[in-house]
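In the two complexes that follow, chain A is the common piece, with chain B as its partner first and chain C second.
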Partner chain A sequence: MSVVGSALFGAAGAACAGSLAGLLAPARLRAALVGACTAVAGLAGVVAGVAALDGGRWSADLPEVLPLAGVHLAVDALSGLFMVVSGAVVAAVAVYAVGYAGHGVHGASSRGAQAVLPLFAATLVLVPAAASVSTFLLLWEAMALTSLLLVLAEHRQRPAVREAGVWYAVMTHLGLVGLLAGLAWFAGQVGGETFAELRAGGPELSPTVRGTVFVLVTAALASKAGAVPLHAWLPRAHPEAPSHVSALMSAAMVNLGVYGIVRVGFDLLGGGPRWWWLALIATGALSAVYGILQAAMSADLKRLLAYSTSENMGLVLIGIGASGLFAAAGHPALAGVALAAALLHVVNHAAFKALLFCAAGAVLHATGLRDLDRLGGLRATMPMTAGLFALAALGAVALPPGNGFISEWLLLQSLIHGLEVPGVATAIVLPLAVAVIALSAGLAAAVFVKALGVGFFARPRSEQAAKATECPASMLAGMGLLAACCVGLAVLPGVLGGGLNRAVVAAGVDGEAPLRAGGLDVRLDALSSRLAPLWVVAGLTAGVLFASALPRLAARRRERRRNARLWDCGGGAPTPRMAYTATSFAEPLQRVFDDVLAPEQDVDVTHARESAYLVERVRYQRRVPDRIEHRLYRPVMDLLAAAGNSARRLAPGSMHLYLGYGFFGLVTLLVVLAVGW
Partner chain B sequence: MSEATFTQLLDLACGGFLLAAVIVLWRRELTAIIQVFALQGLALAAIPLLLGLHEHRADLVAVAAGIAALRAGLLPYLMRRALIASAPAEDRGRRHREGSDERRETQPVVNVAASLLTAAMLTLLAYAVAQPLVALDPTPATRALPVGLAVVLIGFFVLATRRRALAQVVGFLLLDNGITATAFLAASGVPLIVELGVSFDVLLAVLVLQILTTRMRTAFGTTDLDDLRELAD
Partner chain C sequence: MNVIGYTAVVAQVALVVAGAPLLTGLMRQVRAKLEGRAGAGLIQPWRDVRKLLRKQPITPTGTGPAFRAAPALLVATAAVVAALIPLVSTQTPVRRHADLIVVVALLALGTVALALAGLDSGTAFGGMGSSREMTVAGLVEPTMLLAVFALSIPAGTTNLPAIVSGAIHDPTRLASPAGLLATAALAVAVLAEAGRIPVDNPATHLELTMIHEAMVLEYAGPDLALVELGSQMRLTVLLGLLTSLFAPWGIATSATWTALAIALVLFALKVAALGAVLAAAEVFWAKVRLFRVPELLAGSFLLALLAVTASYFLSGTGGGL
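Moving on to the complex of A and B:
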C-alpha cells in the first residue's frame, strides 16, 4: 500500500482511538489524549496530502465496508491539496484544543464533545478522498452531523446556541438534499456512481441535465462554503460553537464546499458553458462585498470573523468562476492561473482564519467576552495572543507582507489579463470583479484594524478585559503552529507552486504549469509577471525600521523628553469610555453604506424633570440586521409557520374526525382501486 | 353434506353476518347492539364450522368453537358488564335530559337513515373491490369474500360515527370480525397460533377499553367521545 493509503487509514484509526479515549478516559487525561489522537490524525492527513501533491495517486475499493454500494476512495493532487489544508488545520487546532477544552467549565470538555471531535477531524481529512457518490455523501453527512454536535456543545451555557444549532441543522440538511438530488440524478443519467464513471460520462450528457446538476450541486456546496445568500447558518453557528470547533469549521469545513464545486464542475462535468461561471462569479462577488460589510458592522469578534469567512469564500468563488469562464473561452493558461489563485487563497484563508478564531477563542477563554465594545487593552495583559492575532489579521487584510496578499494579487492578475478574452460578458464582468475584490480588500483592512485596534489596543473597557491573563501553553503552541504556517505562506509561497500546478491539472484545467516555483518567487509565465514575496518582506521591513528609527534619532539630538498629562480641555482625565468602540469605529462605514445595510437606529432622549432644556440621559441603540436574511428567509419561514398553523386546524382534538380521516382514506383508496381496475 | 347444502348454509351464515352488522347501525339501544353483536359472533363461528365439516378438518371445528366462546360469549359479557358499570342501577328508569342517557346511542354523528344508506354503498364498494380476488379462484367460500370486506368497512364506519364509547368498542370488534371472516373465506383461516394471538389481542383490547370507558365516566360524567376534545386544548 502506498504512503497515501496507509496515512489515510492511520488518520481514520487515530480518530477512532481518539473518540474512544474521549468516551472512556478519565476527565483528567481526556483532553490530552483526544488532542494527541486528533493531532496524529491531522498529521497523517498532511502526510497523505503531501504525498498526493507530490504526484502520488492512490485508489482503493472496499466493497465489504458498506452494503450495496461499497466504499470507493481515490486521491489525486486536487484531493491532496485539500487534505493538506484540513490536516494542517486539524493538527494545529487539536494542540490548541487541549488547552481550550481541557478545563472543566466549558461544555466543549464534556465526554460527548470530546468523543465527537476526532471523528469530525477525520471526516475533514477523508471527504476529499471519496471517489464515488455514495462514499462522498456518506462522509459529507458524517461531517455535517459531527460538526452539528460540536456546535451544540455549549448549549447549556447559552440559549443562543440552540437557535444556531437549529439553523445549521436545517440549512446543512437542505444542502444535503440538493447535493443528493443532483449527484443521484447525475449518477442515474451516467449509469454508474463512481467518480471514474461520472468523469467518463459527464461531458456527453445533454446540456439541460448538466446545467441542472451543476446548479443543484453548486447551490448545496456554496451554502456549505458560506456564500451569500445561502450563508444564514454561518454567522450563527461559527460564533456559538466552541472556538476550536469554529476554527475547524471556518478554516477546513467551508473549504470542502469549494473542493466539491471544483471537483464536480471541472473534473466530473468537464467544464461547462459561460452562464455557469458567470453565475458563480456573481455569487462570489455578492458574498465578498456583503460578507465584509456585515463583518465591518459586527461588534461580536467571532461573528466578525465568521462574516469574513463568507467574504474570503466569495473571493475564492470569483477565482473559480473566472477560471471556468476562461476555460470555456479556450484560454487554458489563464484558467490555470485563476484556479491556482483560488486554491492558493483557500490555503491562505485556512491558515489565517484558523489562527484568528483560535486567538478569538483565547480572548474568550481569558475574559469570557466576545463583544469588542467591552474588550480593549489586551495587548498589555495577553501580549502573545495579541501578537498572533495581529499576524493573522495582517494575512487577512490582503496587504503585503501578509499571506492573503499573494493569492489576491494572483487573482487580480488573472482577472486583469483575462480582459484579452473576447466577449461582452468578460468585458463587463471582469472589471466589475476587479472592483469588487478591491472594495472588499479595502473594507477588510477597516474590519481588521477595528478588530485589532479596538479589541487589543487602547485601554480595557470592562473589568473582565482588565483582568485577563495570558492563555495556557498548549493554546499558544497550537496558535504558534498556525502562525508558522502563515509566515511560511507569506514568505515562501513558491514551495506550494508544484503542488498547485498538479492540483490544477488534476482538476482538468490543462494549463501547462501556471505557476513557476522559482524557489523564492512566484512567476506567471502565461502572463509574464512575477512576484517575489521575500523581497517584498525584506523591503517593507527595511522601510518600517528606517521610518521608525529616524524620528528616534532625531529626537535623541534634542533635549530629553518630558512626560505631561494629556490635554483634556479641562473636562477631567479621559476615561476608557471615551475611546473608540467597535460600533463607533464602524459608524462612518455604516453611513456610507446606509442604503445597503439599512441599519435600525434608535435615539432615546430622556429630559430632566425640571426643564426640557436639560437632558438627563441619552440612549442610543443600533442594530444592523442581516438584510438578505430578513428579506429572503423571513417570508419563507412565515409561510411555513402559516402552513403549520393552518394544518393544525386539521387536528382539533375530535376523535371522530381522526377516525373519519382513516375511514375516508381507506374508502377513497378502495374506490380508486375499484374504478381504476 | 352435499356441495349444494354447503353453499346454501355458507351463504346463510354470511348473510346473517352482514345483516348483524347492518342491524348494529340501525339499533340505538346499547343492550340491543351487544345482543346483535353476540349473534354476529355465532354467524362468524358458523363459517369455520361449515368449512371444517366440508373439508373434514377438525382443527377448523375447534377454532369455530373457540370463536363462538369468545365472540358470542366472553366479549358480549364483558361489554354488558361495562354498560352496567357506566350506567349505575340508581340511574336506571330515571329519564335523563336528552343526549345524556348512557344506555342509548342517541345522537350519532351520522343519523340512522344515512348510516343504512352508507352501509349499502360500502357493501357495493366491497363487492366491486373484491371482484378481482374472487376471479382468482371462484369457490363458494371466495364468492362470499365481499361480505367480510363489507363488515370491515361498516365496522370502521361505526367506529368513526358513533359517540358512545361502548358503541365504538362494538365498531372496533365488528372490524375485527370482518377481518377474521375475510381470512376464513379467502384462505380457510390463518394458522392456529395466529388465530389464538389475534383473539387474545382482541380480548385485551376490550378489557383495556372497558377500563378506559370507566375512567372516562369518572372524569367527564359521560362516555361521549366528543368530551375528549377538551384534552386537545
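Moving on to the complex of A and C:
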C-alpha cells in the first residue's frame, strides 16, 4: 500500500484510539492522551497530503465496509492540499487542546467532548479522500454531527450555546438536504455514484441538469463555508464552541466547503457556463464586504473572528468564480492563477485563523472574557499570547510582510489581468471585484487594529483582564506551531508552488504551472509579475535599523530612556475608563455604513425629581443586528411558527377526532387508488 | 549598469530622507507668503527634526512595545517605498519587484503601525485618532487599488518601472481620458493618505478635527522626530509617485550617469513644484467634516471606476493587454 493509504488508515486508527482514550482513560490523563492521539492523526493527514501533493495518487474500494454502496476512497493533489491544511491545523490545535481542555473548568474537558474530538479531527482529514457520493455524504454528515456535539460542549455554562447549537443543527442539515438532493440527482442522471463515473458523465448532461446540480450543491457547500446569506449559523456556532473547536471549525471545516465547490464545479461537472461563476463571484463579494463590516461592528472577540472567516471565504469564492469565468472563456493560464490564488488563500487563512482563535481562547482561558470592551493591557500580563495574536493579525490584515498579503496579491493580479477576457460582463465585474477586495482589505485592517489595539494594548479595563496570567506551555506550544506555519507561508511561499500547481491541474484547470516552484519569489510567468516576500522583510528590517540608529547618530551624548506620565493634552493621568473601547473605535465606521448596517440605538434619559433640567441617569443601548438574518430568516421562522400554532388546532386531544383522521386518510387513499393513479 | 543602478536606489532614498523636511518647509513657506506672513524659513522643519533627535528619549508610562516600534516602522515603510518607486531611474536592481500593489500595501502598513501606537497609549485622544485614521484608510484603499488597476491596463502589468517607462515612450497614454480620470482619482487618494486638507489638517490640534495629530500626541523627543520625519517622507513619496506616474519625463530609462544626474534634479523640481501647488491650493480650501470625507472618497472611487471602464471600452480590444 502506498504512503498515502497507510497514512490515512493510520489517521483513522489514531483517531479511534484517541476516542477510546477519551471514554476510558482517567480524568488526569484524558486530555494528554486524547491530544496525543489527535495530533498523531493530524500528522498522518499531513504526511498523506504531502505525498499526494508530491504527485502520489492512491485509491481504494472497500465494498465490505458499507452495505449496498461500499466505501470508495481516492486521493489526488487537490484532496492532498486540503488534507495537508486540515492535518496541520488538527495537529497544532490538538497540542493546544491539551492545555485548554485539560483543566476541568470547561465543558470541553468532559468525557464525551474528549471522545468526540479525535473523531471530528479524523473526518476533517478524511473528507477530501472520499471518492463516491455515498462516502462523501457519510463523512460529511459525520463531520457535521461530531462538530455539533463539540459546539454543545459548554451548554451547561451558557444558555447561548444551546441556541447556537440549534441554529447550527438546522442549517447544517438543510445543507445536507441540498447536497443529498443535488448529488443524488447527479448520480441518478449519470447512472453511477463513484466520482470517476460522475467525472466521465458530468460534462455530457443537459445544461438544465448541470445548472440545477451546481446551484443545489454550491448553495449547500457555500453555507458550510459561511458565505452570506447562508452564514447565519457561523457567527453563532464558532464563538460558542470551545476555542480549540472554534479553531478547527474556522480553519479546517469551512475549507471543506470550498473543496467541495472546486471538486464538483471544476472536476466532476467539468466547468460550466458564465452565469455559474458570476453568481459565485457575487456571493463571494457579498460575503467579503458584509462579513468584514459585521466584524468591524462586533465587540465580541470570537464573534469578530467568526465574521472574518466569512469575509475570507468570500475572497476565496471570488477567486474560484474568477477562475471558472476565465476557464469558460478559454483562458486556462489566467484560470490557473486565479484558482491557485484561491487555494493559497485557503492555506493562509487556515494558518492565521487557527492561531487567532487559539489566542482568543488563551485570553478566554485567562480572563473568562470575550468582550473587547472589558479586555486590554494583556500585552503586559500575557506577552507571548499578545505577540502570537499580533503575528496572526498581521496575516489577517493582508499587508506585507504577512502571509495573507501574498494570496490577496495573487488574487488581485489574476483579476487585474482578467480584462484580457473579452466581454462586457468581465469589464464591469472584475473592477468591482478588485474594489470589493480592496474595501474588505481596508476594513480588515481597521478590524484587526481594533482587536489587537483594544484587546491587548493600553490598560486593562476590568479586574479580570488585570489579573490575567500567561497560559500553560502546551497551549503556547500549539500556538507556536501555527505561528511557525504563518511565518513560513509569509516568507517562503514559493515552497508551495509545485504542490499548488499540481492541485490546480488536478482540479481540471490546465494552466501550465502558474507559479514558479521552489524559488524564493512568487513569480507568475503567465502575467510577468513577481513578488519577493523575503526581500520585503529584509528591506523593512534594514529600514527599521536605520530609523532606530538615527537618534543615536544625531545625539551629542547618550541619554537613558526615561519614563514620564502620559500627557493626554494636560488632562492628567487618564483612567482606563477614558480609553477608547472597541465600540467607540468602530463608531465612525458604523456612521459611514449606517444605511447598510441599520444599527439600533436607544437613549433613555431619566430626569431628577426636583427639576426637568437635572438629569439623574442616562442609559444608552446600541445593537447592530445582523440585518440579512433579520430580513431573510426572521420572516421564514415566523411563518413556520405561525403554521405550527395553527396546526395545533387540529389536535385538540380528542381520540375520536384522531380515529376520524385515520379513517378519512385511508378512505381518501383508497379512492385515489381506485380512481386510478 | 549595476553601480549606477545601486547609486540610483541610494540616491532616491537619501533624497527622500533629506528632502522631505525641506519639502514641508517649502510648503509651509508658500502658505505663509500667501497668507501674508513671513514664515519660519525653508529649513525650519530640518532644525526641528535635528533638535528633537537630540533630546532625551521618553516613554510615557503604560505604553508598550507597539508604541515604541511604530515610529521606526513608519520611517522604514516610507524608506522601502522610496527605494521601490522609480523616482529617478527605472533601471534599478529592485525594478522587477517594484509592484504598485506592494507599494500601496507598504504605505498602509505604516498607517496601521501608527494607529496601533495611538491605541497603545491608552488615552482618549490616541484612540480617537486611530479610529478615524483607520476609517479613512479603509475607505481610501478601494480608490487606490482601482487607480492602480486603471494604470496597469495600458502597460499590461502592475510593475511600476514598466508602467513608467511605457508612459515615457508613449505619452499619449497619459492624455487619454482613462489616464486623466485615474490621475484625478489617485490625487484625491494621495491627499487622504498623506493627511492633507481637505481630509485632515496637519496644522491643527483641535480635538474635533484632528486625525493624524491625535494619534501621535504622546510622542516626544527622538520618537516624535521619527514620526514627523516619517510623515514628511510619506508625503514626499506619495507626491513622487504622482509625478512618476503622470509626469514621468526626465526619469532615467538608461543606465548612464548624466541621465541619473538630470533625473535627480528634475525629480526635486517636479516634487517641489507639486508641493508648492498643493500648498497654494490648501490656502483656498477648507477641511471637510469627518463624516463628509466618505462622500469625497466615494467621488474619487467613481472616477477610478470610470477610468478602468473607459480604458476598457475606449481601447476597444479588451484593454490591449
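Basically, the second predicted complex is superposed on the first by the 641 of 677 C-alpha atoms of A that agree within 3 Å, B and C clash if a C-alpha of one lies under 4 Å from a C-alpha of the other, contacts with A are read in each partner's own complex, and residues count from 1 in each chain.
Quick note on the criterion: a residue touches a chain if its C-beta (ideal position, glycine included) is under 8 Å from a C-beta of that chain, and two chains touch if they have at least 3 such contacts.
Since the model is a prediction, treat every value here as computed from it, not as a measurement.
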After superposition on the shared chain, which partner residues are touched by A:529: those of chain B (first), chain C (second), both, or neither?
second
Could you say whether A:671 touches chain B, chain C, both of them, or neither, answering first, second, both or neither?
first
Using the superposition on chain A described above, determine whether A:564 touches chain B (first), chain C (second), both, or neither.
second
Contacts for A:400 in the overlay, against chain B (first) and chain C (second): which applies, first, second, both or neither?
second
Would you mind checking which one, chain B or chain C, touches more residues on chain A?
C
Touching A:652, do we find chain B (first), chain C (second), both, or neither?
first
Would you check which partner chain A:620 touches, where first means chain B only, second means chain C only, and both and neither mean what they say?
neither
Counting only touches as set out at the top, which of chain B and chain C does A:413 meet: first, second, both, neither?
second
Contact residues of chain A, present in both the chain B and the chain C interface
none
Can you name the residues of chain B that touch chain A in the complex?
109, 122, 125-126, 128-129, 131-132, 153, 156-157, 159-161, 163, 225-226, 228-233
Note: in the complex, chain A contacts chain B through residues 651-656, 659-660, 662-663, 666-667, 670-671, 673-674, 677
Chain C contacts chain A in the complex at 50, 53-54, 56-66, 69, 71-77, 79-80, 83, 94, 96-97, 99, 101-102, 105-106, 108-109, 111-112, 115-116, 118-128, 130-132, 134-135, 137-142, 144-146, 148-149, 152-153, 156-159, 207, 217-218, 220, 222, 225-226, 229-230, 290-291, 294, 301, 305, 308-309, 312-313, 318-319, 321
For a test of understanding, state which residues of chain A touch chain C in their complex under the given definition.
376, 379-380, 390, 397-400, 405, 409, 412-413, 416-417, 419-422, 427-428, 431-432, 434-439, 441-443, 445-446, 449-450, 452-454, 457-459, 521, 527-532, 535-536, 539-544, 546-548, 550-551, 554-556, 559-569, 574, 576, 578-580, 584-589, 591-592
